[in-house]
Structure formats: C-alpha cells, structure tokens
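Paired with chain B in one complex and with chain C in the other, chain A is shared by the two complexes that follow.
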Partner chain A sequence: MATAAAPTPAHVAPPPEPPDAPRPLRPPSRVPRAFWWMVLPAVAIFFVFHTLPVLQGIFFSFTDYAGYGTWQFVGLRNYLNLFGNDRIAHSYLFTFQFAIVATVLTNALALTIAMGLNARIRLQTTLRGLYFIPNVLAVLVVGYVFNYLFSNSLPVLGQALGVEWLSTSILANEDLAWLGIVVLAVWQACAFNIILYLAGLQTIPGELYEAASLDGASTWRRFRSITFPLISAFFTINMVLSLKNFLQVFDHVIALTNGGPGTATESISLVIYRGGFQGGEYAYQTANAVVYLVVIIVLSLAQLRFLQSREVES
Partner chain B sequence: MSDTVLRRKVTGTPSRSGRRLRRRDLAEGKVSWPLTILLVLGSLTVLVPLYFTVVTALKTPAQLGGAGFGVPESWTWSNFADAWRLTNFPQAAGNSLMLTVGALVLTLLTNSLVSYAIARQMAHHKVFKGLYFYFVSALFVPFPIIMLPVVKLTAQLGLDNQIGLVLLYTVYGLAFNIFVFVAYIKSIPLELEEAARIDGASTWAVFWRIVFPLLAPMNATVAILTVIWVWNDFMLPLVILSQRDDLTLPLTQYVFQSQFNTNYTVAFASYLMQMAPLLLVYVVAQRWVISGVTRGAIK
Partner chain C sequence: MTRRARGGACLIACAVLVPLVACSSPASGDGRVQLDFFQFKSEAVATFDAIIADFEAEHPDIDVVQNNVPDAETAFRTRLVREDVPDVVTLNVNGVFGEFADAGVLYDWADDPLLEEISPAVVRIVQDLGQSSPGAVNALPFANNSSGFVYNADLLAAQGVEVPTTWAELLTAMDTFEQAGTTPVYATLKDGWTALPAFNQLVANTVPADFWERLDAGETTFAEEWRPAADQLAELFAFAQLDRFSRDYNAGNQEFAAGGVPFYLQGSFAIPAIVSFEPAFELGFGNLPTTDDAATQLLVSGVDVGVTMGAQPRHPEQSRLFVEYLMQPDVMRQYSQDQSAITPLVDATTGDPTLEPVLPFFDDDRVTGYVDHRIPASIPLAAMLQQYLIDGDADAFLTQLDEEWDQVAARRS
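Then we have the complex of A and B:
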C-alpha cells in the first residue's frame, strides 16, 4: 500500500515479443487481445458506477433538481448559495478541526506504539494482535458502546473525582462533543496505522541502530536520524490517507452525537446525506459535494507534495 | 526458561521470531520489561471497552448504573434471545454473510485479473498506464459526491438490493486493490509465464493456472481487508438498500437504536452479536491477518 514511493524491484519487461508471434514484423506495442478483454468489462462497470455518478453529480450541481420532477439550469447559483450558508460553513469548520486533530493524534500515537511493538519486548505477537482489534470492529457499533461510556460511565467517574467538565456527558456539551468523536476515531484508526508503521519499521536493518549506538547516539537522535527518515514514505501515506478518511467522517458522528447537540458536530458527509436524501436539496448538496471533492483532492495533493519534498530532503 | 518457551507456544509466536529475539538479546541487550509493561497497560484501552461490552450484555437493567465496569451478579443470557428476536438476527446475519462472501469472491476473481492485465501491459501501452491512474485516482474521490447519483442509478436499474451492493463493493474496491496487486505482480518474474506460453498456453490459461496461484499471499491480504470492510460497512447499505428484509447487521443496530435507547442491556447483547463473528475469526487467524495486512503495506 505504501509503495508509491518505495522502490519496487523494477521489472523491466523485454520488448513484447509474444512467443506465439508468428512474424517478427508485428509492431512492438501490440498488446495481446486477451489483455483488452481482461480490463474492458471492469472499465465499463467502473465507469458506470463510479465515474458516471461523479459526472452526473457535477452536472446536477448546476441545476435546481430536487431529486425528482423537472429541473432547470441555474448556473452557479448553488455554489454561490453555499457560501452564505452558516450550517454548511459550520460543517466544514467542524470537519476540518476534527480531521486535523485526529490525523495528528492518530499518527503520533500509532508511530509511538509501533516503535514500542517493534522493540525488544515480551508478548510481541500477542500485543500486536491486541492493538489491531479495533480495526476488525464496525465503527458504528463500537460508536454506540463509546456513546454509553461517554454519556453514562464517564460522568460517574467525573463526579467521583470531582472533575467539573466530566461530570456531565461530554456528548451533550456543544464545546466538547467533538472531542468524543476524536477519541473514537483515533481509537479505531490507530489499529491500522500501527500495522502500517510496523511494516515500515521492519524494513529498517538492525545494523544501522547497532552502528548508531556504537557512535553513542541518543534514543532521540536515533529516531531523528535513522527511524524517521527511513519510514518517511510510510509516514506520508499514513498522513494523507488518515486526513482523507477523517474528512469523510460519518459513522462516528451518527453513532455518538447524530450531529448534535444542535448542529455542533454535523460533518460535511452528514450534511450532504441529510440535505440530499431528506431535505430535497439534491442539486444544492451535489454542489456541496463537488466543492468537497475539490477540497479533498487539493488538500491531499498539497499534503503529498509537502511531505514528499521533506522525504527527499532527509 | 521453559516457562517462557511454553508461553510462547501458547501465544502462538512463531519460532523464527523467538530466534530473532534471542539473537538480538545478545547483540543489543535484554528484553525491555518497562516497555512491555507500558504496552500491556496501553492495550487496556482496547480491552476495556470490549470487556465493558461483554459485561453490560450480561446484566439486567437493574444491575446497570454507576460506571458500569462491575461484573454482573448473575449472567442474564435472555438479553441475547431478546436481541436475536428484536433485530431478526438470523436474517440480518445471513444478509451480511451473503454480502461479504459475494463481494469477497467477486473481488478476488476480478480485481486480480484486471490488475494483472494492467501490471503486465502498462510498460508497453499508454492506455494501460492511463487505466492504472484512472482506477487509482478514485482513492481520492469522497463517497458523498457519488452517493446521491448512484442511489438513483441503482434504483433505476433494480440494483437497490444485495446484488447491487456486491457489485458496488467489487467496483469501489478496485482503486485500492489495483494499487496493491499491481505492485505485487510487477515483482513476479516473467519467466514462468513465458515458459507456459512456449508450451502453448493462452493468456487466460497463463493467468488462471500460473499467475493466480502465485498471487495467493496478496489475495489473502485483499481478502482480509475486503471482509473487514464489507462486514462492518454502514454507509453504503444505508443509502442503497430499500427493503427492510435486506438489512445488514450494522444497519439493524442503527434501525433499532430508538428501541435500544430504553433497553441498554439488550442493545449491548446485539452489539456483541455483530462484533463476535469477525472477532472470533480474527482471534483464530490473528497471525495471518496481521502478516497479510503488513504484506499489503510493504509491497
């Protein structure tokens, strides 16, 4: 997965000269027909169920379509209306705040735990197995369990400890509810990132550390000069995928707060879902989705460029 | 010493890692016990919510209250029976299972084939290289932009059911699966394929008889990720399915939430019943799951 940047043993294929080719006169770029048949059905189906909906979405974002009945072109009106809309502005603000905090926390925690799990410890296999468990559980279902913990168990603990802000459910608190969503998201996402970082750490030859400790390098120094540069490709891919996934947060919100209290934790996905399916705002929300698509692509590319330029540097 | 060996056997640590551990002990010093203890404590963040789910599912409503971490005074198995009836568990579980198996089989059979063609031809032909980027770029298209149009599309085509979902999972998995399959296939030497061709095998035969079996490790990785995804997915079934009879396990938790709100113990029994199947499979196959996912990451 991470290997966009990792060098795969570049397999340089010989010039295509299929052994069954009768004449050497064949143009060199001739692809055996079977290969076309292998990809054509997939391309067709992918186009119909993925690309076409994207194009349709973009198309309808310039109309006043409600999801049924007739429609007319309205130009950029949907897009212009998006800007004055407080609810949508707030959903972007919430989603970004959540996604940035969750991305940073997830990667910091996952890298730390992965380094621990890669060190000389007992119960290594068992511990690795335990830390991966959240990844095999459904976010929605775990979210309902966390919901109970946040709204019933934690307040009891908070009262016993005399901690004011914990004494009531944080999910019912407009300013704190997003933290609950961060906790659930980080808890769940760490599992997968730990495994990816572990995979990265295992590609580092142990001799490097031996040499470094002979030179008297401190733990921090070894991390800065060996570990981090050598897993930077994994760091890049984890950061980009985390941010992209967290920007699409949906199940977490449904399970914990359902967007509340009020609209305090409505994510962009939730607004599109609600407005599009229940609010008769089909065209308006597809315009929102188009903006959202652009935002995600721009952010991912920017992040990729920035992180990869640092990779080269180190 | 024999104690640790025994424990290692019990926990299923492969002997290879045991050897590596010992070699490293000699080279770099002792096992770090403080770190081990720290990590064990950290793993409680995973175990405690699971423990909480189990004990709550076994309580009566009267035993709830307080922080809720106490052991139930008596085990109330009737919660499971109630949850079973309320959510129509057999049907939902059957639906989830059918979806998961369907998506799994179709994904393995098709995604590897498409990846093979792309991996072997992208160096020779621009179209295949273009297709690679076309599929992989879908990784960055957020689902909400497809959501509204695709729901209309599946409804019009009569695919707002399990068959449609299986198809969508297979199609939407392509982006990521092509990414990992192609990298893996490129590392497989061509010689075997060429030998088979000289013996007269067609391209199809080469794929099914030579390449597909060689893909076993990557198939395992893709299989694991697909199963986890489909079994747990909530959003796609939520928007696509139109019949109550088609509900999947995560969807039933959502649909019955209002009834659960007054009945936490039954709700937790129901949550546990959704988590249990995959959790059990994972506990049994833990080592393969982790090495499978790791392989997907390195290739």
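Then we have the complex of A and C:
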C-alpha cells in the first residue's frame, strides 16, 4: 500500500524528445482491441446496473415517491425529517457501536490465528482449510444455527452453571442481544481476514526472524518490530474493509434478532429495508440511504488516510 | 448502499427482461384469452388450481394462469412500479392493501352486485383500510380469519373451568390454573407480532370506534386512550411461562399441541398449524373476552383473502367472469372448508367446526377489523409491543407510538 502512493514510472513525464530525432513509428492503436472489449462492456454494465440506479435513487430521495403511484418533489423535506427521528438515530448509534467492536475483535482474533497458522504447526493445511469454512457458509443459514444455540443451548448451560444472565436467551435481552450478533459476525468475518493476514505474513522474509533471534529478541519484540510493521498495509486494508462491511450489517440481524427485542438491534440497513420496501416510505428511506452512503465513504476514506499515514515506509 | 443498488439493479433487470418475456408469450395462439391470476397464499395453490380447472371447463375460451410467488406483497409492489398490474389479484386485506387502495391502483367495486351478499361489517373493514375515492371498495372479501384464543377443552374440563366470556371470568380461569400449578398461557414473544392478536382485540373493545378520526383531527393521542388496553395486555401476558421471550410462533404451536397449556392467545390462522402436530385433546376456539359485558363484545376479524383487479383491467370482461365465479357462495364455502377460513357472506359459515363459536358475531354484525392494520407499516408496532412487554413501561410505549405517528404524518403530509 505504501509503495502505491509513491509516483510510479507511468506517471513520470517522458523526457523531451530531441528535435531532430526521427519520430518513432507508432502503430495506429497501441492497445490491442481485445482489451477494449474486456473493459467497455464491464463499464457499460456497471453503469447501467450500478451507477444509474444510484443516481435514480438520489433523484427519488427528493420526492415523496412510495415506490408506485404518483409522486411529486418535496425538496429537502426527507433529509430534514431524518434528523429528529429517534428510530433512525438509534439505528446509527447501534450500527457504529457494533461495527467498531466487531472490527477490533475480528482483526485482533484474525491476526492471532493467522500467526498461529503461519508457524510450523502440524496439520497446517487442514487447519487453514477449516478456518476458512465460515466464509463459505451463508450468514443466514449459520445465523439460524447460532440462533438456536443462543436461545436453547446457552440458557441450559447458564442454568447448570448458575450464571443468572445466561439462564435466559441473551437474544431476548435488550442489553445483551448485540453480543450475540457480534459473536456471529466476528466468527464469520474472521475467516476472510485470516486469509489476508496469512498472505501478508508470507511476504515477510524468514531471514529477518533469524537475525532477530540471533539478537535475542523476545516473541513480543519480534511481533512489534518486524511482523506488525511489515504487514501494516494488510492491517490497513483489513481494518477498512471490516468496518465498511460491519457498517452494512443486515443478514446477521435478520437471522438472530430481527431487530429485536423491541428495536434494540435495528441496524441502519434494516431500517432502510423495513421502511423503504415494507413500510411504503421508499423516498424517505432512500434519503436515509444516501446519507448512509456518504457516511460510509467519509469514514472509510478517513480511516484509510489515518492508517496509511502510520504505515512504515519499507 | 450496495443492497439498495442491488435492489435497483434487479428492478432494471426485471424491467428489461419482463417485456421480452411478455413478447415471447402472446395471448395464446388459439384465440383463448390468458388471464394472469396473482394469488398470494402459497398454502392455497392446490385449492385455487381446482377452482380454476372448474372455471375453465365452464369457459373454454379463457385460460387462467395462477401466479404464486413468495413475499407476494413486495412482488406486487414491484409489478406496480412497472405498471404491470395482474388481471385478477388476491391480496391479504391489511395496511399494505390500504396503501395500494389509497394510491388508486385497484379497481372500485362499490355498488357492484357482487357485494350484496357480503356482510356489511366486513365491507366496512375493507373500506376503513383505504379507499381510492370516498366510498370506494377496492377489494371483494373472499375469506375471513378471526382473532381470538385457542384453548385446550380437555384441560378446562378437568379443572372445571367454563369457557370464559368476560374479562373477569378470563382472569378467574387464569388464577385457577395458576393455583393448580399449571402455566395458564403459552406465549411466543420472541416473534413480537404474536402479541398483536390479543392487543387488537383489547384496543377494538376498549377504545371508541371514532378514535381514528379524532386522532387525525389532533383531538386525542394514543397515550390518552390506549392506556387501559396496554395495561390489560401486560396483565394477560404476565400469566405466560417464564421463557416467553425466547420462544417463537412455531415452537408455540408445537408446545400447545403437546398439551399441558390451557390457553394460547392466537387467531384462527394458528389452528391448521396446531392441528398439523396432531394434538391428543379437543381443541376449542373463542372470542377473547376483554370487557365485562359479554353482550357487546366485538370480534376482531380480518379479510384474509380479498379478490380484486387493477384500476384499468386489460381484459375487463374475462377478468370479471372469473371474479364472479370466485365470488359464488359455493366456491367460497369450498375454499373455507379447505383452508379453515370463515366466509364473509351475510350468513357466515366455516369449514372448520372449531371456529363455529365465533360465527354468531358475523350474523349479529359485531365484527371489526385489525387495529394494527391502521398503523402504517413503517411504525414497528410489533417490536414496540414486545419492548413494552419486556420492560412494562406503558408510558414509554404510548409516548413513542404518538411520536412515531406524528413523524409519519409529517413525512406524508
């Protein structure tokens, strides 16, 4: 990542050609046509199926469109109504808290596991495969399994151990339900982050560790001074992607709590889906979605900037 | 955002693909008119297939194609977006139907002779939800369900408890079971909506009928008039088992069918599910008593299936023939027999003997609609009720309901 910021040869201006040197004969088209055929359809499809709907959505956020029937412009009313809506404010608060906790936990856990899997342990390949499985399973399906565990198995365990807060389903407790969602989200997201960290760890040359061990560096010292700085680019990208993904949390909530108990675990995307598609407030929730989009972009860019500035120039 | 965009992309994909599909299947080459019949109930597909076969035998020039999709309301919405309204539609007559009706996309059946045989109270339920123009009736009631409570007749007989018909009798019955060491009510509040059948019944009987007009006129609030209903609801669910917040609807049906619980606060729609678990006791059903005057109790009933067409039907004549066929009392009775429903006819009948105790309410015109259908779907009433039953804070619940109501009104004005 750090090297990407440095000017690459492509950006360096070509040296001025000597005036009387014979102009090199350029082929009429420098790029083989095949590349255009690869890129252009993708651009067209991306524009039609992604950019156009986004623009359409932004347009409808200034109307009172219910998704059908007639509509008229209402100016900024939808955006103004977003402020002071307790339910939406609560969903933002919940989503941010959830995303921050889940991002930190996922990365701490994934990095730890990746380092373990990178060491010379037995069954290394098998274990790597095992740890990747959660990424392949659909969140909804796994979610219902976790739902069963939280609602039925865990309370039995809690009762046997005499732990009061575990004796009833944590998903039915408005103060604890978010924990269940964090557990599922971290469990599922770790798989992919482990893979990225493993890729990063394999870029570190073994001689560095040999030299460090000759110098008598402790395990922690080796991690702090060699491993972490050298994979900081991977750390950055993992943190940014995790936060972005967790901010968009939806399936986890649907499978575990459906936004409940009450409205305690309603994420932003759940509120948008419920109000927009099921509640007949298409335009209003589209305005919410636009705000949400801007928030995610701003946060991701800020996070990228901050983390990249702390990366070690290697 | 990607979810949003993906939804949009799907819509565009549909918009591009559907005309192509439509072009490739012209209105059948043999001169028969093809009717697109949008039918929302997946459990009734076979029943409607039989009805369609009979209809087509009578009208060989009409070909009815039954179209049943999951999540029918959303699917219907997307068809409205494309202005591609199916020829004949069945819909659950609820708040979403009301929004469709208000938007003026559905046919108006007011003054139609087909309505003459329908119970006026049921027609009023349809009108209360939404009207394309004042006085319009935008769906023909085809089958009704009923709110109420299911009981285990064997357990009641064993304790010597009569089927309660007043609120006081209900509380006494609950106490009797509690003292006998039996949990009186099985509740499934993990699914917030399962508190709604009882709450609808309470509000319908304790809040004056003109509440909604006064609410719209700004003369009253939920906090002022819904407090008694909220208190009674909490009182009822306090009789339920301890893990009531971690059991869902399916678990409840199964648990009730296993016996051991005398009362289950669910509408008639839960009966087929309970029966599927083969209960070894006599199942009873009644109107949930909410006041101490049995003679004035109202029954909360909804139009489970309403039949209608688009405001401008593509094949008005043929569509109408099919609707007329559906609305024949014999066909409706056949349907209610297959689906444990109640026919909304003036002389109401049901195919399920368990439901017979509520039929007199239809005969006496003492029927009213689901209150929650009048609350816009963007207000999470079920979740708020669930929250209220957890923390017991009636003030917070009603204040929040008022705030949400005002905010939705501000957004829609």
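To be clear about the criterion, the second predicted complex is superposed on the first by the 273 of 314 C-alpha atoms of A that agree within 3 Å, B and C clash if a C-alpha of one lies under 4 Å from a C-alpha of the other, contacts with A are read in each partner's own complex, and residues count from 1 in each chain.
The definition used in the following text is that a residue touches a chain if its C-beta (ideal position, glycine included) is under 8 Å from a C-beta of that chain, and two chains touch if they have at least 3 such contacts.
If you're wondering where the values come from, they're calculated on a predicted model, not measured in any experiment.
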| item | value |
| --- | --- |
| Contacts of A:Ser269 with chain B and chain C, given as first, second, both or neither | both |
| First (chain B), second (chain C), both or neither touched by A:Leu93 | neither |
| Chain B versus chain C as contact partner of A:Gly279, first or second or both or neither | second |
| Touched partner set for A:Ser169, first chain B, second chain C, both or neither | second |
| Contacts of A:Val298 with chain B and chain C, given as first, second, both or neither | neither |
| Chain B versus chain C as contact partner of A:Leu198, first or second or both or neither | first |
| First (chain B), second (chain C), both or neither touched by A:Asp64 | second |
| Which of chain B and chain C A:Asn78 touches, first, second, both or neither | second |
| Superposition-derived comparison: chain B or chain C, residues of chain A touched | B |
| Which superposed partner A:Phe35 touches (first chain B, second chain C, both, neither) | first |
| Chain B and chain C contact sites that coincide on chain A, given as residue numbers | 48-50, 52-54, 56-57, 67, 152, 248, 250, 269, 272-273, 277, 286, 289, 292-293, 296 |
| Chain A-touching residues of chain B, taken from the complex the two chains share | 4, 11-14, 17, 21, 24-25, 27-33, 35-36, 38-40, 42-43, 45-47, 49-50, 52-53, 56, 66-69, 110, 113-114, 116-118, 120-121, 123-125, 128, 131, 134-135, 138-153, 167-168, 171-172, 174, 176, 179-180, 183, 186-190, 194, 197-198, 200, 202-204, 207, 228, 231-235, 239, 249-250, 253-254, 257, 260, 264, 267-268, 271, 274-275, 278-279, 282, 286-287, 289-290, 293-299 |
| Chain A to chain B touching residues, read off their complex | 1-3, 6, 8-14, 16, 18-20, 28-29, 31-32, 34-36, 38-39, 42-43, 45-46, 48-50, 52-54, 56-57, 60, 67, 113, 116-117, 119-142, 144-146, 148-149, 152-153, 156-157, 160, 187, 192, 195-196, 198-200, 202-203, 206, 209-210, 213, 234, 244, 247-248, 250-251, 254, 268-269, 272-273, 276-277, 282, 285-286, 289-290, 292-293, 296-297, 300 |
| Complex contacts: residues of chain C adjacent to chain A | 1-5, 7-9, 11-13, 73-74, 77, 80-81, 96, 99-100, 103-105, 189-190, 192, 242-243, 245-246, 376-380, 383-384, 386-388, 390-391, 400, 403-404, 407-408, 410-412 |
| In the complex, chain A residues that touch chain C | 48-50, 52-54, 56-57, 64, 66-70, 77-78, 81, 84-87, 151-152, 155, 168-169, 171-172, 174, 248, 250, 259-264, 266, 269, 272-275, 277-281, 284, 286, 289, 292-293, 296 |
